[in-house]
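Common to both upcoming complexes is subunit A, partnered first by subunit B, then by subunit C.
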Partner chain A sequence: MGTSSRGLKIRGLGKHFGDTTVLRGLDLDVIPGEFLCLLGPSGCGKSTLLRILAGFEEPTEGTIETEDGASLIGVMPSRRDIAMVFQSFALYPHMSVHDNIAAPLVMRQMSWAQRQPLLGALLPRGRAIRGEISSAVERVAAQLRISHLLARKPGQLSGGQKQRVAIGRALIREPRLFLMDEPLSSLDAALRTEMRGEIVDLQRRLGITTIYVTHDQTEAMTMADRIVLMMDGRALQIGTPTTIFHDPRHIAVAKFLGTPAINILPGDVSGRRVRCLGRDLPVTMTEPTDRPVQIAVRPEDMTIRVGGKGSAIAPSWMATVERLEPIGHETLVHARVDEGPRVIVRLSGPQLAGFAMPGDARVAIGFDPVALKLFDESGARLTHIAGDRDVAPAPHHAEAS
Partner chain B sequence: MSAPNASRDMLRMAGANAVLMVVAAIILLPFAWMLLTVMRSPAEIFSDPFGLPQGFGIVVENFHRAFTTVPMARFLFNGAVVVTVLLFLQLAVSIPAAYALAKFPFSGRNLLFGLVVAALCVPIQVPMLPIYIALAYAGALDSYFALIFPFLFSPFAIFMLRQQFKAFPNEIIQAARLDGFSEIQILLKLIVPSARPVIAAFAVFSITAHWNDLYWPLIVVSSQDMATPPLGMLYFRDGDLGTDYGALMAGAIVTVTPVMVIFLIAQRQFIKGLTMTGLK
Partner chain C sequence: MSGTSVLPRARRRPAANRAAVHGLLLAGPAILFLSLLMVAPIFVVFGLSFTDYSLGAIQFSFIGLGNYLQIASDARALGAIGHTLVYVAIVVPIAVLLGLFLALMIQQRRRLRHTYEVLFFLPATSTFVAMALVWQFLLHGRIGPINDWLVWIGLGRIDFLTNPATALPTLAVIGAWQLVGQTTILFLAGLSSVSSDIYDAAALDGMEAGWDRFIRITFPMLGPTTLFVVVTTTITAFQAFDGVAALTQGGPAGSTETLLYKIYLEAYQYTNMGYASALSILFLAFIAALSMFQIFVAEKKVHYS
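On to the complex of A and B.
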């Protein structure tokens, strides 16, 4: 499907509804052919941004331009060469699957007279256009493996089938931009995983620039070329899934990604030294400063020792285990650090072997200093040098006594 | 709790059914009398009102008189014209209005909808006189126009359809806009088909109300040529010979049958339509 995909240049985009601000000063460059995920909690403005791109709503301020400099502001939705897949699929209920998929072409390519069933066949080109459209529908249907469903009405389809029809209707026009608004959220878990792979395959094959809205971090992490993490109407961070996950620029980004959520420990920086709950950490600040900091460590980067034995992992804190959550291939340990916060440690693989403890067990909690991330009180990332690698224990290693 | 008792439950059911049957009988009584009367000669109607019919000839004769002493066919034709043209125009006015009120955010929308609801509360008798005077000045009395025009704007239809259209998913409308549907196409191809039961319900209401209406035709129609069926019934009340009940009842049967047939055909859709809007 020779599609000329396109990018977008979004500058200072804002949207207010009365006193409520949904989008504030958003800048974003959409690269032609990429799969871009807008990720964020509900109410972060990601759906509003998508609706503005589709033309259903006009922004209060800011500009949207295609890469050749044409502005999209004020352009009718039907003239934007955009196709969209909706959360509810939004199929036309009284039309067959064939007519649903054909609708965008019928509406664009045929005159009113040509669309009439009997009259159309008599008019010059009427029959020919209808034939071309039908073969396009069949081609798209074959691609989505729904050829056997063309005669049915949407009411007779399963969720996954409706999804495919919705995608087919969006694809047939060969749009230059593909918008998807949580298209998988109304499917069951197994189907969601399957469709995830299919949508990505399809997107790679066709190379259509795709903007995909989701609140599901797994979807964003597995599907996206780049993620825009949105919160409170702002783009907090834009980057590849790996960058966003391992190198968050803001504490909200670190907190939003990863299940269970990242652990936050209180700390202090004085000069270049970092202290956490009474112990020095083997890290050095890039810039000397004096302020309280938030130390974030993912559950999988935490270590645990039972009975105070084992190798000297420094530093470590005593903690009381409150709850174990075994989930098969891994176990989540919920523990409260003495005079400190509650933390979650993820144990998997070899750490898990023989790890069984009674409730209220006393353990020593530690973490890999290389993996920790420092944020100031406002949540902005502080840079540090991970200390002497020699004293740092191998990550993901805990000895059970 | 007493022990389960089949015979007592049966008795209770029988009691409930008996009550329903009595009420049904009371409601059906006028219809029964209509059917009995048409099977009688003028003499028997009062002398032997509940006796067995005397033969088929009388029935034929009564129907014959119903169609010959007055232009019954003309009445039926007038009624059909008024009812179908009116329904068509009511829908043509109400469907776009209801769509705008349901799906377009514009300033003053709530005020306009408030006016529609307020109009629902105004009985037709209130604006009758000014409308009559206006029609008289326009020289439009005693015409189809006079019979149809005052009912063109149906707040009931606008209200009922707006409630229905409001439930239509916005995402489908947006998908259609992206796909290049015009607003009229969205309305006719997507929204109207989904509201078919409600439109059928309104059609039944409108057809019954205006087919059976006597009040307004009595006011604006003066010639026999423009009379609708209920108004036509009045012509059987002949001053010289007394009322010809047999023919009157034959005419009544002819008048009510079409409405009953329409209702029976549309019954399923009608009930579905009522439950869909939550109107009962």
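On to the complex of A and C.
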């Protein structure tokens, strides 16, 4: 199956609806066989991109080519060798599960006359083809464990069962590209986790290129080979879940991923030195510059010290704890840094064990300099060398080797 | 019904009683007026149908099934039933199929959709008797523009409303024209309830447009709407009266006497209230049968949830 999977080359794709621009010059290469997640907030253009790939919408500008260079622009949806699973499942309510799954094959393998309701049964080959289609339906149903539901109507199925039928209808076409538009968002939480695993297993087993639209970062992080983080009609960053999470190229990417959201502290760069709220940070810029910066630190990389207990790597800032959110295995500490912003610190494991709230709720907040990320005012990532403790404390010779 | 039901009832008596009193107080006026204006007259008519009561008569006597037996031997009454069935058989297919066709055409228009909706719905909002006068002029054998046009394209004149062969079909076509706007609007409502995801899925499965999409997706999804439209249109067509009264008065030669018009004639022209009541009960039975069909038989087959 892997060899027949589709790759795509998308260049300068734009889509406007009247005055509103939904996609702006999007470039994207889809690798054959990969599980690609389009992740972003609602209105970022991810669903529109999927609809353009399916052929429901035509792009205003740009090109989409397959791995062998054929353009997909203007090709009818049914001729694109794709299958799609919709958020609403979009099952045909008047057809049985069997007929729902069979629908694509009926349309593709039977002639116009053969598939007409009464006429078809009278024609030669009509019955034979119907038999072949039925055995294909039964194979797919067995694979998805819905064989016992074939006679039912979609209205008699649970959400999870409908989901499987929708996947069955997509699989039976043996598509070269699988499109999924938030297929899990109408299921309850427990079922969502289960189906997440099943869809990934299925995709690994069949090796069909899959483009999966979601606004749920957990889905994207756990399912995808690669994530396209979309915002405002653009692909902000394309990469593996690990890269996107740990090495965001834009502050919007850093802010979108991670719950609770990444902490942003104000800072200044002069030369190669970085200062944050009156303290020098033990980091060195790779390029000397002079400008305000945004310092981003994830809650789990923050440290907290109460009356000498706990650990805080220097430098640290005094802060007032405003609220605690215990979530069992971890506790979120909401604190306001003196003359600074509000931050969230995630405490877990040994940190949590050693942490006790003092009466006056005064703490010292710090963070691991290895983990911080620097962005300029426009949000673009700035590079630095972290953890150089010999250079940073001495303020006036910031030239590091 | 047995002793088991007594205990729980006894236990929750005070609260249940208060709720029942409140309920009765709220529903009371509606029950009273519905009984006085709808249910009681039906019973009165049912009772009268077994009498020889004549409008204005001081006394009358029970004659058993006499009126019903008279219907069976009254050629004009049987004729009226026949005319009504023919009328229904012409009106319903035209109003339903044309309404469906127009709805499918209008739905795909974006800018002009509302204009078309208003245009086609206009006949349903206008006073029919006024419209009937316009039709009478248009269809007139000598001065009617439609006949001028028929002559111009080489066909002869047709005395639409004065020829016994064409009068009933002509009335039926006018009746259908009056109903098409309503069926179109109902089908448009039905069409807008089909989610666009279904059409997208159908497009992927190879049903992009045209006949396949219509016969496999659109028409089955319109099942509940179609049933409702067919039944309501049939009931409305069964009540054919205003066209007859305004344009032909049952003529020529009784060829357009419908059941309702016959009832009107018997009751208010010939003052045979007893006989008219029997015809009314027959009419009521037709309507009731249609409603029962909708409620008990067809609803189960066209709803998918």
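We take it that the second predicted complex is superposed on the first by the 370 of 401 C-alpha atoms of A that agree within 3 Å, B and C clash if a C-alpha of one lies under 4 Å from a C-alpha of the other, contacts with A are read in each partner's own complex, and residues count from 1 in each chain.
In the analysis below, contacts are C-beta pairs under 8 Å (C-beta built on N, C-alpha and C of every residue); 3 or more make two chains touch, one makes a residue touch a chain.
Everything numeric here is computed off the predicted structure, so don't read it as measured data.
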Simultaneous placement of subunit C and subunit B on subunit A, clash or fit: clash
Partner chain(s) touched by A:90 [first = subunit B, second = subunit C, both, neither]: both
Contacts of A:327 with subunit B and subunit C, given as first, second, both or neither: neither
Which superposed partner A:104 touches (first subunit B, second subunit C, both, neither): both
First (subunit B), second (subunit C), both or neither touched by A:155: second
Subunit B versus subunit C as contact partner of A:190, first or second or both or neither: neither
Subunit C-contacting residues of subunit A that also contact subunit B: 54-56, 76-78, 82-84, 86-88, 90-95, 103-104, 107-108, 169
Residue numbers on subunit C that touch subunit A, as the complex places them: 195, 197-198, 200-208, 212, 215-217, 220-221, 223, 304-305
Contact set on subunit A toward subunit C in their complex: 51, 54-56, 76-78, 82-84, 86-88, 90-95, 103-104, 107-108, 112, 115-117, 153-155, 169
For the subunit B and subunit A complex, residues of the former touching the latter: 169, 171-172, 174-181, 185, 189-190, 193-194
Parts of subunit A lying in touch with subunit B, wherever the complex brings them together: 54-56, 76-78, 80, 82-84, 86-88, 90-95, 103-104, 107-108, 169, 173
